[in-house]
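In what follows, subunit A forms one complex with subunit B and a second complex with subunit C.
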Partner chain A sequence: MRKNTLLFLIAGIILLLLFPVFLPRFYVYLLSIILLYGLLATSLNIVLGYGGIFQFHHAVFYGVGAYGTALMLTKTAMPAILAFIVGPLVASALGFILGIICIRLSKLYFGMLQISLGSLVWAIVYRWYSFTGGDDGIHGIPIPEMLSSYIGAYYYTLIITAVCIFLIFKIINSPFGSALQGIRDNPVRSEMIGINVKRHQILALTIAGFFAGVAGSLFVVVDNTVFPDMLFWTLSLEILIMCLLGGWFSFMGPMLGAGVIVALRTFVSTYTVYWALVLGVLMIFVIFFLPNGILGYFEERFKKVFMGSEIKE
Partner chain B sequence: MIPPGILSQIFVGLSRTTILFIVASGLSLILGVLRIPNVAHGSLYMIGAFTAFTVTKIFGEGQAAFWMALIIAPLFVALISLIAERGMFQFLYEREHLMLLLLTFAFSLVFGDLVKLVWGGEYKSVPVPAIFQGFVPLFGGLPFPIYNIFLLVAGPVVAVLLWLLTNKTKIGKIARAAAVDREMVGAVGINVSWVFAIVFVIGCLLAGLGGVLVAPTVSVTLGMDHNLIIEAFLIVIMGGLGNIWGAMLGALIFGITQSLGILVWPQFGIVFPYLAVVVVLLFRPTGLLKSTW
Partner chain C sequence: MLEVVGISKSFDGFKAVNNAHLSVEKGEIVAVIGPNGAGKTTLFNLITGIIKPDSGRVLFNNEDITGLPPYKICRKHISRSFQIVNVFQRLTVFENVQISILSREKKTWNLFSPSKSFVVKETETILENVGLINKKERITAFLSHGDRKVLEIAMALGGSPEFLILDEPTAGMAPEETSHCIELIKTLSKTMGLTILFCEHDMEIVFRIANRIMVMVRGSTVIQGSCNEVRCNEAVQNAYLGGSDVCLM
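== the complex of A and B ==
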């Protein structure tokens, strides 16, 4: 079992590394977008699936990370590497601040306040023409030579995403991750055994903000643009759907969900302008028939098959 | 004394927030009883506005057109919400709230595209009804639109009616009991499912009503739902979930901070209501007035 997983992993990595060799430019670009959205959805899942916190407006951190990187690249003469670090750091600082303000409230209340304050950030970005470019955003961001080609951007996205996913995996399986899941399942009992619930949750929000910011900085590399819609709340809910569709109790679920939704959006949009309608109907189906997501569904099935055979023996 | 120009500006702002209040009170009602953060509320408001456009067009320029819209559009929205509630939402009440939120989001996506499909993407305008056209001199002789006075009256009227409904009628009392303990209400032999449906429909009807009332003051267009729902969320959070007077107080604070903010700093006037929310929540984490849960 363990060996199989490892083999799958290695095969997957080799495949991902080889894609640009035989795929046309458009698909490589699409794959980069899928990877960074996957990272974004996985970062949300740290707090949503593992922390049980209703982070309704996660796109804010993605957008702030992207804007932070873009502004550093366009407005300052600092080395580019610094921009890719500052963006996510600003996003995680914002995650920390919003976390402190919102964490005192209970579940649904938290989510609603978070979506509102996130919209405040959106409003500021949208209005601040002289600094953020207002509703136009920033275009033609100067990217370092090495990453400016689509293949360079793809490999950069792939490496950073892989590293981040690995780090998130380590965090989830660390004592901190276990404490977080304990809080999700029973906050009162966790408090009783000496876990500082609020501090753990705020730390989780900060970490999630950081990785969302990384995803944002990846978008700058892949697309060379930023725009205010990256912080709009509809995108946040779209990320939530990615988590739901893939399965938020499975580690790779959000990644899968992101892949399905981004791919579907790209192909549906070539046929019709009513992508939102398609997404809405798809969501209704998922909510009613696949409440644990695609991966959750398969895990359940396999568990049943496995357990069934065990009983027979 | 406050200069009349500023006073006039504030009152125009306040008349807009009465619409926000009407929409937010519906949202608050649904949140308080059903605990659904209804993202589709904004879409229903938009459908209300577009329906008002169609109805006024059918009835022409006559006096009756606006009043017909005021009756037909909210009922149309109520019908849509009834179908959605009976067809979809009622099966999910036992599940996590997150699922309900995502379902309402799915509906807002579907509604948004259906509106685009039915009415198209162009700007639509609804005429101000004849008896409310024109201005009256108020605040040191500055002209004040009559329609806005009508709005300023409509808000409190809706508030009082809603208060009477939830506090003085049997259905309102049952709904409030169901908000606190759904199972217990079911145990004494009341069909809670239908109570929830009625509350949901009334809440959505208010969204439609807000849409009709706003239609003559703005250009009716796609995307008018997106900003409104966030503003309504803010108002509800500020006032306390499920509390009608809280929604009213929240709307007042929202309106005043916004119109003052625009006077002080036009570019970032939009930011001030958000700051007000943060300040309120720092001191009262569950809103200004007592929430139902």
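== the complex of A and C ==
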């Protein structure tokens, strides 16, 4: 089974590397968007699926990462590479600060407070015309030449996403990841075996903020624009749905969910403006029939085939 | 080793624990008994820091640990199991115990090494000692209730405690599971030299394994003494053992 997974992975990577050779520009752009949304959803899942924290307003960190990068590129003469580092760092700093404030509350109350504080950040970005460009956002951001073509942007997105997904995978499977999953399942017990629950959660929120910021900086490269909608709460909801749809207890679930939703939004919305209706119906089916998401369902089937009755008891 | 002095806690005016006293010497097995709602679990929660007392003190090895957060109390080598099963449902048996050990070794801040390779041997030793080694790859949610109760104890052992608190360790267990669990508790006390504080409804079990017994009624300590002292105490018989006037020898 191990070998199979590895083969799939290698085949997948080769396919992803070859796509720009035979796919038209539009699809390469779409694929870049899917990849960076996948990274965004996966970063949310660090705290949602593995941490059990209801981070309802995750888009804030994505938007702040994007704005951080965009502002560095447009307003300063510093090397571009610095912009791509500063954006995510600002996002993770925000994750840390909001984390410290919100973590006092648990479960849904955490989410509520997070939505309101996140909306505050959105309001600042939306209103501060002289700095952020207000509701116009920032357009025509100067991107380093190497990345400015759509193919360059695609490969950059692919590499950064792959590296980040790998890092997240490492973190989830580290002792810290184990402790985080323990906290998700049972915070009281975790504290009773000597884990400082709140500090672990804050670190997880900081990490999630960082990777969301990376996704934001990737969007700057792919689209050359930033706009306040990137940190509006409706996008947060969309990311949340990506996680649930793909499977929030499966590592690659959010990535799959991102693919499905971005594809739906792109293709269905050419036929009807009510694409959200299709998504709604799809979501109802998922909740009823695949409570663990699409990938979660397949993983379960897969396990049953291999282990027979072992899994059930 | 542990000294609880005049501890009280009320919830919305209801005095769950009211001026309770308890002392446990090193190496002892002490049982807390009392009718339902006597405040046994609340007392354990007060000792382990899950709730903070209104008044009174908890001393451990002559150090005041009153009101410390649970994770700090755990680091003083006090571990506990819970009455209502409190395990990590989505993780395997192995991982449940492993996290406990990782936490004790302060390795949970390690972000990039695979946790698979950490403390494997120690985890397996503990699982072997409690008899769960054959089920180590099982997801905890699929375990039987009895096995989960044993896992509770295994997780508590992961913190390599000197002092172990067990909240109704055999509640809901089948008879053979119960006797296995009693053997386990005895072994822990004898071979590992653990000091154990537990509460239990089954009097037979209490009298079989406890050195001393503390009786709680309506949040207060009625008496703490040897098994015989407790059996013959009039107040205890009235309050708890059904008011019979013969000494329950």
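Points worth noting:
In this text, the second predicted complex is superposed on the first by the 307 of 313 C-alpha atoms of A that agree within 3 Å, B and C clash if a C-alpha of one lies under 4 Å from a C-alpha of the other, contacts with A are read in each partner's own complex, and residues count from 1 in each chain.
Following the convention adopted for this analysis, contacts are C-beta pairs under 8 Å (C-beta built on N, C-alpha and C of every residue); 3 or more make two chains touch, one makes a residue touch a chain.
Model, not experiment: these values are computed from the prediction.
In the superposition on chain A, contact is made by A:Phe54 with subunit B only, not with subunit C. After overlaying the two complexes on the shared chain, residue contacts for A:Ser178 are found with subunit C alone; subunit B is out of touch.
With both structures placed on the common chain, the touch criterion links A:Lys107 to subunit B but leaves subunit C unconnected. By the document's definition of touching, of the two partners only subunit B reaches A:Phe288; subunit C does not. Legend: residue contacts after superposition of the two complexes on their common chain; A:Leu277 is shown touching subunit B, with no touch to subunit C. A simple residue count on subunit A separates subunit B from subunit C, and the partner touching more is B.
When the two complexes are overlaid on their common chain A, residue A:Ile81 makes contact with neither subunit B nor subunit C. Taken together, the two structures place no residue of subunit A in contact with subunit B in one case and with subunit C in the other. By the touch criterion given at the top, residues 48, 50, 69-71, 74-75, 79-80, 82, 86-91, 95-96, 98-100, 102-104, 107-116, 118, 138-139, 142-144, 155-156, 158-159 of subunit C touch subunit A in their complex. Across the complex, subunit B meets subunit A through its residues 31, 35, 37, 39, 88, 91-92, 95, 97-99, 101-103, 105-110, 112-114, 116-117, 226, 230, 233-234, 236-237, 241, 267-268, 270-271, 274, 277-278, 281-282, 285-286.
Residues 54, 56, 101, 104-105, 107-109, 111-113, 115-117, 119-120, 123-124, 127-128, 232-234, 237, 240-241, 244, 273-274, 276-277, 279-281, 283-284, 287-288, 291 of subunit A touch subunit B in their complex.
Residue ranges of subunit A in contact with subunit C, taken from their complex: 167, 170-171, 173-179, 181-182, 184-186, 188-197, 200, 203, 249, 311-313.
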